[in-house]
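Before we start, here is the structure in question, set down as structure tokens.
Note that the chains take the letters A, B, C and D in the order they are written out, and that residue 1 is the start of every chain.
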Amino acid sequence: MNVGVIGGSGYVGGELVRLLLFHPDVTLNYVGSRQYAGEFVYRIHPNLRGLTKLTFEKVDFKIITDKTDLVFTAVPHGSAMDIVPDLLSSGLKVIDLSADYRLKNPDDYIVWYGFEHKNPNLLEKSVYGLPELFRDEIRKSNFITNPGCTATATSLALAPIIKAFDVDASKIVVDVKIGSSGSGFNANLMSIHSERTHVVRAYKPIGHRHTAEVEQIIKTYSTKNAKISMSVHAVDMVRGILSTNHIFLNSDNITQADVWKIYRNVYGNEPFIRLIADKKGLYRLPDPKIVTGTNYCDIGFAYDKRTNRLVVLAAIDNLMKGAAGQAIQNMNIMLGVSETAGLLFSGFHPI
Amino acid sequence: MNVGVIGGSGYVGGELVRLLLFHPDVTLNYVGSRQYAGEFVYRIHPNLRGLTKLTFEKVDFKIITDKTDLVFTAVPHGSAMDIVPDLLSSGLKVIDLSADYRLKNPDDYIVWYGFEHKNPNLLEKSVYGLPELFRDEIRKSNFITNPGCTATATSLALAPIIKAFDVDASKIVVDVKIGSSGSGFNANLMSIHSERTHVVRAYKPIGHRHTAEVEQIIKTYSTKNAKISMSVHAVDMVRGILSTNHIFLNSDNITQADVWKIYRNVYGNEPFIRLIADKKGLYRLPDPKIVTGTNYCDIGFAYDKRTNRLVVLAAIDNLMKGAAGQAIQNMNIMLGVSETAGLLFSGFHPI
Amino acid sequence: MNVGVIGGSGYVGGELVRLLLFHPDVTLNYVGSRQYAGEFVYRIHPNLRGLTKLTFEKVDFKIITDKTDLVFTAVPHGSAMDIVPDLLSSGLKVIDLSADYRLKNPDDYIVWYGFEHKNPNLLEKSVYGLPELFRDEIRKSNFITNPGCTATATSLALAPIIKAFDVDASKIVVDVKIGSSGSGFNANLMSIHSERTHVVRAYKPIGHRHTAEVEQIIKTYSTKNAKISMSVHAVDMVRGILSTNHIFLNSDNITQADVWKIYRNVYGNEPFIRLIADKKGLYRLPDPKIVTGTNYCDIGFAYDKRTNRLVVLAAIDNLMKGAAGQAIQNMNIMLGVSETAGLLFSGFHPI
Amino acid sequence: MNVGVIGGSGYVGGELVRLLLFHPDVTLNYVGSRQYAGEFVYRIHPNLRGLTKLTFEKVDFKIITDKTDLVFTAVPHGSAMDIVPDLLSSGLKVIDLSADYRLKNPDDYIVWYGFEHKNPNLLEKSVYGLPELFRDEIRKSNFITNPGCTATATSLALAPIIKAFDVDASKIVVDVKIGSSGSGFNANLMSIHSERTHVVRAYKPIGHRHTAEVEQIIKTYSTKNAKISMSVHAVDMVRGILSTNHIFLNSDNITQADVWKIYRNVYGNEPFIRLIADKKGLYRLPDPKIVTGTNYCDIGFAYDKRTNRLVVLAAIDNLMKGAAGQAIQNMNIMLGVSETAGLLFSGFHPI
């Protein structure tokens, strides 16, 4: 199977390239970049120096269809719309890492993204690539829309609880902390080290776009409506998201064991979810530091009987389970190879 | 006026020493430390090298009463109880930076701190040293209990809103991010750089002790009961707290201007509160990075009409407005000198 | 005395504004910026919010001469040349923080900066503003060229030793570590947090421009020729420089006491130099962390008898003693006010 | 082949466990720790949660010899001496990661480590495990002394140059920058985040123990005597070493091409050495950030004709090529399996 990456110079594109170069079941033979066409890939992604002689190629439809059977589109929001329809109609399998096909309702793009969708008919055909919740649909699909990073962590934390428990679905607070790689490989004053180091910057206290995505997933998975109140903060780390989910329960006769049971039922056999609420050790709850570089989503919780609040914590690497890693996981499922192929990295201690 | 610091080797003690050395209206002539008695102060606080020849002295009652008129107790929670009564009865003014006299109800110490209070009668006599809310009482008092760092930021954010608006007082979520200096000048494995760098560690997802303090302040100030759902996360910065307060309003005909009006009424003339919700610039909302080293509490907000949620952000330096700076502010008020004396540092850009 | 700053939106300009706003002996009534004219100063330097209503003004010769008696030029290298001559001929005192008037030999600008100097005759008239070595000339001057940050730390470390000892002057290795604020308030890919965090980037292993400056100072001060082999590394801090100077001595009958004596003779009464080589405490040698925000240059050393090598360490804040702080110190000397006016900040512990 | 790790709770031990768990040719069935015997390995090394059920076992000679054929000793300097002789005499292959068998001359232990060696006769039998310089000896040995981290980077940079060129061997300056993981998994005040963040701490300006090691390697490899003047600085990163080597050449008719040729001759086929001196891209010279988590030693240089100085930069991950990774590389050579087995991790961008 020959695969390609469109948009290979960004951080997500670079991770896709890295993962595909070492993947046992596919061959990477196309990496596209408008800006860096002709340049060695290792010049932009210096970790790959000595590991590949690949150069970035032009984003040319003929080249792509000639060289690949499956392609990842890791381009900015809004530009995937211009590429994906042709890729699909030429028979390629497509995994789109932009937000352009995540929402089912075209109107949501006007509300949350500020543009009118150009291919609304394709929205229904895309399958939302969150394997732990929608694996069967992914298996049969040739067009995956890969989830947003914040949406991944948050949905995996919330969906099982909202489905199983009676919660106050209008007052779910999601307080997110995210690293600088989430801003991408772009130069701007807000991102330079001297301004960005040691901040706790509430850059999206309200109105984060992934809100719509999370609400859609919850509805699809649980058949319940929930209103998500999300606030996103930039903190001093390069990779990582911690999603802290505050859920008020309507019933007060719930125990920690009940919560465990739900998560174990849903995620007990998942290769990339670890349930963590330890009584010993330095890392008793999920922490993005520990999942750096891995495809894990670590989930843990604490239950506050006094206010009947369940606090669920989900930690991921935004570039891995939050983007490139999950895209490879989706590809593995689509291709029928081992779901963990190419994704078995354990993370480091310390890092 | 001669002043002293008991517990001068910790981070809060060190900040007190620094601020008092440069204070125009008082003379620092006692710095006590059990552990470092006899050692130069600058050996522990290297920023003071060349600025003072003071040495740490024994924590000896006679020395303290001989040399000082007012004393700051910056000792661990639980040990202030053993010292404060004698200091007070010898006629000294006392500003206690521990938690030992913050809560009015002795039972709360059993619930939240796990010990029985030894001087419950003194709890009523202490005045809670949050000048913006209780300045008049501070002015008349000779015994101040200095607020907790998280409680300061959170209470200043919440109290005016809860007093003025009809909110869902049982579902107030306070998601706090705090720097490493909050763990004090103590060696343990969780705090070493290799383990602590780039974490987002939910070290108190529920049950943080300052919860009781915030609820007490809100009740005192607003005469309303509120239940605070606090979760505290350690993030990668040395100094600083960002308190993100998620408040659901019961009425939906509220505007941003209404919120501004409330804060302006309460804090419009406060020297150490800045109201921030800018439309331009890199720092449009409070960020602990910007208040590093200052006595400011920066407050800002965003209002999410969709979910009727008000997100109030409050940023402080935990060692300054969250501890030593606020203690000096209280001292200034008690002594009738300028409230800002010794506290006019502006902070740095960048830092 | 009315003073102004040209180039107030950069990091050095911002520090000048901050220091001048709180300076007891001068009035800041002009802050110029081509890019941000009309904007509030606090929008760019958020630490100054609530502390000044000043706006950036156009860089207009008439405005500047009308409003100021002394002006700081904090503009990019190469553009000070276009401004300074007119400012001087209109009778203003000028402290230039660019490199445009630091080197005495016009040819050096071609070699080290790659441009031909437009006002070579002015080079002789500028006085090099390193007070510890050239205070008398500064006192009489109305045109100061403010030293480079790396040159300041390195020259203060080296000059007394080279003057006093017989050293191998052709093999002096200066290994410098510098923070991200040294790259200025500019957006580029190398500076973004995700690329810049945790680097040790040898961005100038050879050919650093301050080499020429250090060699010139040493020659002027010691009347000896020395060849400086400088390598500069970017490390993970915002402010700060550590200059590690490796000096091989030709004689081997030197003791630590001899070295102390030399530094004490030269710097014993200097208000902004601290000599540090402690046997106890966590900070036994100079560390830029400790001088953050201060105007200190901390100097310490170790002597390796085995290889007859003297290692001298000098730590400064690159924006303070390395730029704005030293410029204020120079202004104080020129104006005959207290040399430490406006510069008595002690630094923080921890930071 | 069954292998074991003695001292598995430290950072180096943890990396050995991680690498061995995923190694294709060996089975890890013993991890010893005096302190944590009985505890799950993942409690100390949280990255391994879900990946192994191994527990730490007692450091018991019988258990070790029963369960393993080859053992890594990752114990503190001084304690390997007590263990290694018995392990060897029971027929186990041993790779010792302490410093106890690195130096050939017993007297050097008194000078540099301050203790008298207990098994001086074993010093001659150990083979120094730096594969790029001593691969043939490693292949035949059953007792490897694994190099120090700083010694690895520095020796790989210096040895070929000193062998090939006429240099001033008495004035070689090695200025090292190292991350916090180099201090190990130990709690002390110097290491806590608030004290350790953003430092440039010259913790060993002279007298670093690896000096003796480097001098010995150079002599063995080049048959020349060289005096190394090493200074080691702690900087703000978790993993990584940059060794900046300043070498003065006695001849001045040397070109960059000459230097390239030497390194290519010696390292051209080495799987874990990358020669880097790029003209484009953000990372043109070695940077420890880029080798984080990998077994690479990146080497690059700049040549300063003006002072006839060659600056060679070598970057490694101190826990990988500087310890555990190199130990696995040595094991692979000893066992005759692929030298890169288990070590093909590429590193991340960004990290």
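Simple rule for what comes next: a residue touches a chain if its C-beta (ideal position, glycine included) is under 8 Å from a C-beta of that chain, and two chains touch if they have at least 3 such contacts.
This structure is a prediction, so every number in the text was calculated from the model and none was measured.
Chemist: Show which chains lie in contact with chain A and also with chain D.
Modeler: Common neighbours, chain A/chain D: B, C.
Chemist: Please name the chain that ends up farthest from chain B once chain centres are defined by their CA atoms averaged.
Modeler: That would be chain D.
Chemist: How many Å are there between the centre of chain B and the centre of chain C, using C-alpha atoms for each centre?
Modeler: Distance between chain centres: 36 Å.
Chemist: If you average the Cα atoms of chain A and of chain B to get two centres, how far apart are those centres in Å?
Modeler: Taking the mean C-alpha position of each chain, the two centres sit 38 Å apart.
Chemist: Per the centroid of Cα atoms for each chain, what is the distance between chain B and chain D, given in Å?
Modeler: Here chain B and chain D have centroids separated by 46 Å.
Chemist: Specify, in ascending order, the residues of chain A that touch 2 or more different other chains.
Modeler: Chain A, residues with two or more chain partners: 11, 179, 181, 185, 189, 194, 197, 236, 238, 282-283, 292, 350-351.
Chemist: Touching residues of chain B toward chain A in the complex: what are they?
Modeler: Chain B reaches chain A through residues 168, 170-171, 173, 175, 177, 179, 189-190, 194-195, 197-202, 205-207, 227-229, 231, 233, 235-238, 240, 242, 244, 246, 248, 282-283, 285-289, 292, 301-304, 306-307, 309, 311, 313, 315, 350-351.
Chemist: Which bits of chain A are touching chain D when the two form their complex?
Modeler: 11, 14, 18, 21-22, 39, 42-51, 181, 185, 238-239, 274, 276, 278, 280-283, 290, 292-294, 296, 344-351
Chemist: Can you check the complex and tell me which residues of chain C touch chain A?
Modeler: 11, 179-181, 183, 185-189, 191-194, 196-197, 236, 238
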